[in-house]
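Both of the next two complexes hold chain A, though its partner changes from chain B to chain C.
Presenting the complex of A and B:
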């Protein structure tokens, strides 16, 4: 008779279920070394991006990225540098969304994570920044 | 035998429950996670106290 073994298995399944439930309903896992590294890189870059957001040269796009809005205020000599900054920022953002989905065991959530971030970047943007909503740019 | 079958059924039911729960994208949890990361990247917590004065408006007119 190996009923005790089965009961233990059932208990294990119940416990695992609670753990998964907590993971699904509570918090998303965002404390991994990969995510921390991306965050740090983005935080460092923000020192350069901040003034560009404030001047309206760049803005937050609807797809969770950063995009050029009006480069006319940026001196010609610096435009290449701004473009480079934006492409590294967007590469980090793509990696961030991918890593969050992967850290939670659901790589297919990447586009949902991106959509959530897109909304939150725009919602949390300070007054004066430009954001893309339903087609056009608007200033917060 | 019946007990064993019942146990097996229970395990299957529980496992199916887990799968169902995890199919849906946890939107609220994702928003919370996004906010935590955004606060860190933009350093919003520190800014509230430190740089309460925005970089002088009206100068660029």
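Presenting the complex of A and C:
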């Protein structure tokens, strides 16, 4: 699969994740303005993250975040920006998990939401992406 | 350290007559302070004047090489020396051969050697009878040293070295090394610690004393770049340091780092090297220009996600202390410092004062803040006095001037947990003039005051909740906001929940302020579950109605037209146009309008229970009363919210008299 196809697949995966998550959880509320804002922010950022996922510089971690796997292929001067990008993405993801829990009136579900999403992100990741499982990084 | 050559001649014998041209010399074991060679054997071909030196085991710098073999095409044994010319050294486990020349005089204890690789690397070394040793390295790949420093291979170290190394045994052993690394680089497996194109000049020295080495040196990083997660560095820093190495214990007596933008950086410490551990260490930073170091060093560490939007100014100094790998103390001092976050338009400064912190005892912060801003609101000077203990902070009282009033935070106790900050407190807003507030935030002129009493301020990760009431006395009535919750205040999903209750607003003042035409009367409103995302309403259930009581109730032509215009072409009001053309104002008995906003659509209704008396699904917004009277009836029950706002803005902006047909 070439890079553009991977990115398209990844974008699809992001969107699918929300739908699948809702389906898996029955009548879970995921359609609030806040969640929509977070989704929009994440989708906008994916244009920058997609090539980094495809190259293996970053991967999906088992805690529902994005993490650096091997930044060697990224020019040194851009590694701080990659870190900033990942921090922004993880801040959005943390807000997403909190918001889904809040939107359903169960803020205490946040860790469950995070765990479920983490598994979904990994399951739905396109071929070639790196994901973190119990044994460490592996390529899908 | 005494240096002694101890060649032990274990055997010298001629082989049988048939091999009389071959001479085997067993030198046995050769010891030097820097190396040991065992089972050293020299085999000479006396006819061809060639020789082969083999060393079964060679130890140096803590490493061992086995089965070294050096063949010399020109081999000469004189009375007192052995010389090897055009030699070829074969290293075990490698196809590479090195060109070698050497001369060795066991009696005098002198030697000289030269080794050259096919890649042009050259090492020349000489040993004097005094035991002094010198090696000159030219373009030697530092990967060569991986045998003695396995870390070089682990870190994928690259680069070439030009250096001169001198060793002098007496009266105390001394080593000096100076030179330059060029084309250097390294990388950790994940690329989070890496450097490329390094050019470093170095000058280091060591003296052996009482079982350890007193050392000192200077490193000047002149070329290249590095990323030491999460900080990107470019060439420029110069390090000067001295200390002592004894066994695995490294003492850093004094280290000074010259870094652009900082007056002075100094460090001291005591470390264990295997495994690396900080026993005690201290670092001090003086006169750091925040405008220079803030974006490069502070933002990537403290707030990488916002690094691009953080702005710094002023000067900071500080000191940090570490014990047993743990930060135990930190002292920061601010001198006209300032910090701002562009994306949320918040800034504070100048800041002056001290921020001490100790891991195991409480400390007091005392910082004078010269002012600040939040979006268009300017904040006055205030003092931040707080007590810090571990990862908790207590602020007994913080009074921030806002226009002609003050925001007062009281009994604020916050604690840092893994997910963010959590804590409790209370807040009060001492009356702020609405005239000034409106002017500051670009609202039409209005009178009144804003005040608040919020006894239950609660902070949790991603949430700020305010139990209590915020009251705005405005338009001769008041607005009361309760159940304030601000979620993800600094994130993309920043949204605010609040219930608003308005009572007895003077519609004359209100409609004048917003240039909406003129309505005389009073208005009550309830807005439940108002959700603002980035300060724009995205959800609410609003109900507006005439206040109870007796008071004049008139509505102008223009206000009627504007209400009609808000409905859009497909939602024209049923206005009794015949009357409209004759009178400037009309009497009314009641105004009522409700809107439930969901998913960008406002579901509208009018006065509860009022029937329009016209065909269709209309609803009464203004019920006429008195003479002349008119009804305003809406027909469009579902209105696009953004479109509605756009029309409202247009109505207010155009501010032109209506055309009555």
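One rule holds for everything that comes next: the second predicted complex is superposed on the first by the 114 of 140 C-alpha atoms of A that agree within 3 Å, B and C clash if a C-alpha of one lies under 4 Å from a C-alpha of the other, contacts with A are read in each partner's own complex, and residues count from 1 in each chain.
Everything below uses one rule, namely that contacts are C-beta pairs under 8 Å (C-beta built on N, C-alpha and C of every residue); 3 or more make two chains touch, one makes a residue touch a chain.
Bear in mind the structure is a predicted one, so any value in this text is a computation, not a measurement.
Q: So in the superposed three-chain picture, is A:117 touching just chain B, just chain C, both, or none of them (first/second/both/neither)?
A: It touches chain B, and chain C stays clear.
Q: With the two complexes superposed on chain A, say which partner A:30 touches: chain B (first), chain C (second), both, or neither.
A: It touches chain B, and chain C stays clear.
Q: Identify the partner contact of A:43: answer first if only chain B is touched, second if only chain C is, both if each is, neither if none is.
A: first
Q: Check the residue A:100 against both partner chains and state whether it touches chain B (first), chain C (second), both, or neither.
A: first
Q: Contacts for A:91 in the overlay, against chain B (first) and chain C (second): which applies, first, second, both or neither?
A: In the superposed model, A:91 contacts chain C only, not chain B.
Q: Go through the superposed model and pick first if A:83 touches only chain B, second if only chain C, both, or neither.
A: So A:83 only meets chain C here.
Q: Considering only touches as defined above, state whether A:74 meets chain B (first), chain C (second), both or neither.
A: In the superposition, A:74 touches chain C alone.
Q: On chain A, what residues does chain B touch that chain C touches as well?
A: 35, 96
Q: Would you tell me which residues of chain C are touching chain A in their complex?
A: 187, 189-192, 194-196, 225-227, 229-232, 300, 304-305, 307-308, 419, 461-462, 487-488, 491-493, 495, 531, 533-534, 538-539
Q: Touching chain B in the complex: which residues of chain A?
A: Touching chain B from chain A are residues 3, 6-7, 9-10, 13-14, 16-17, 20-21, 24-28, 30, 35, 39, 42-43, 46, 54, 96, 100, 106, 109, 112-113, 116-117, 119-121, 124, 126, 128.
Q: Could you please specify the touching residues of chain B with respect to chain A in the complex?
A: Result: residues 3-4, 7-8, 10-11, 14-15, 17-18, 21-22, 24-27, 29-44, 54-55 of chain B touch chain A.
Q: Give every residue of chain A touching chain C within the complex, in rising order.
A: Spelled out, the residues of chain A in touch with chain C are 33-35, 37-38, 40-41, 57, 68-74, 76-77, 79-80, 83-84, 86-88, 90-92, 94-96, 98-99, 102.
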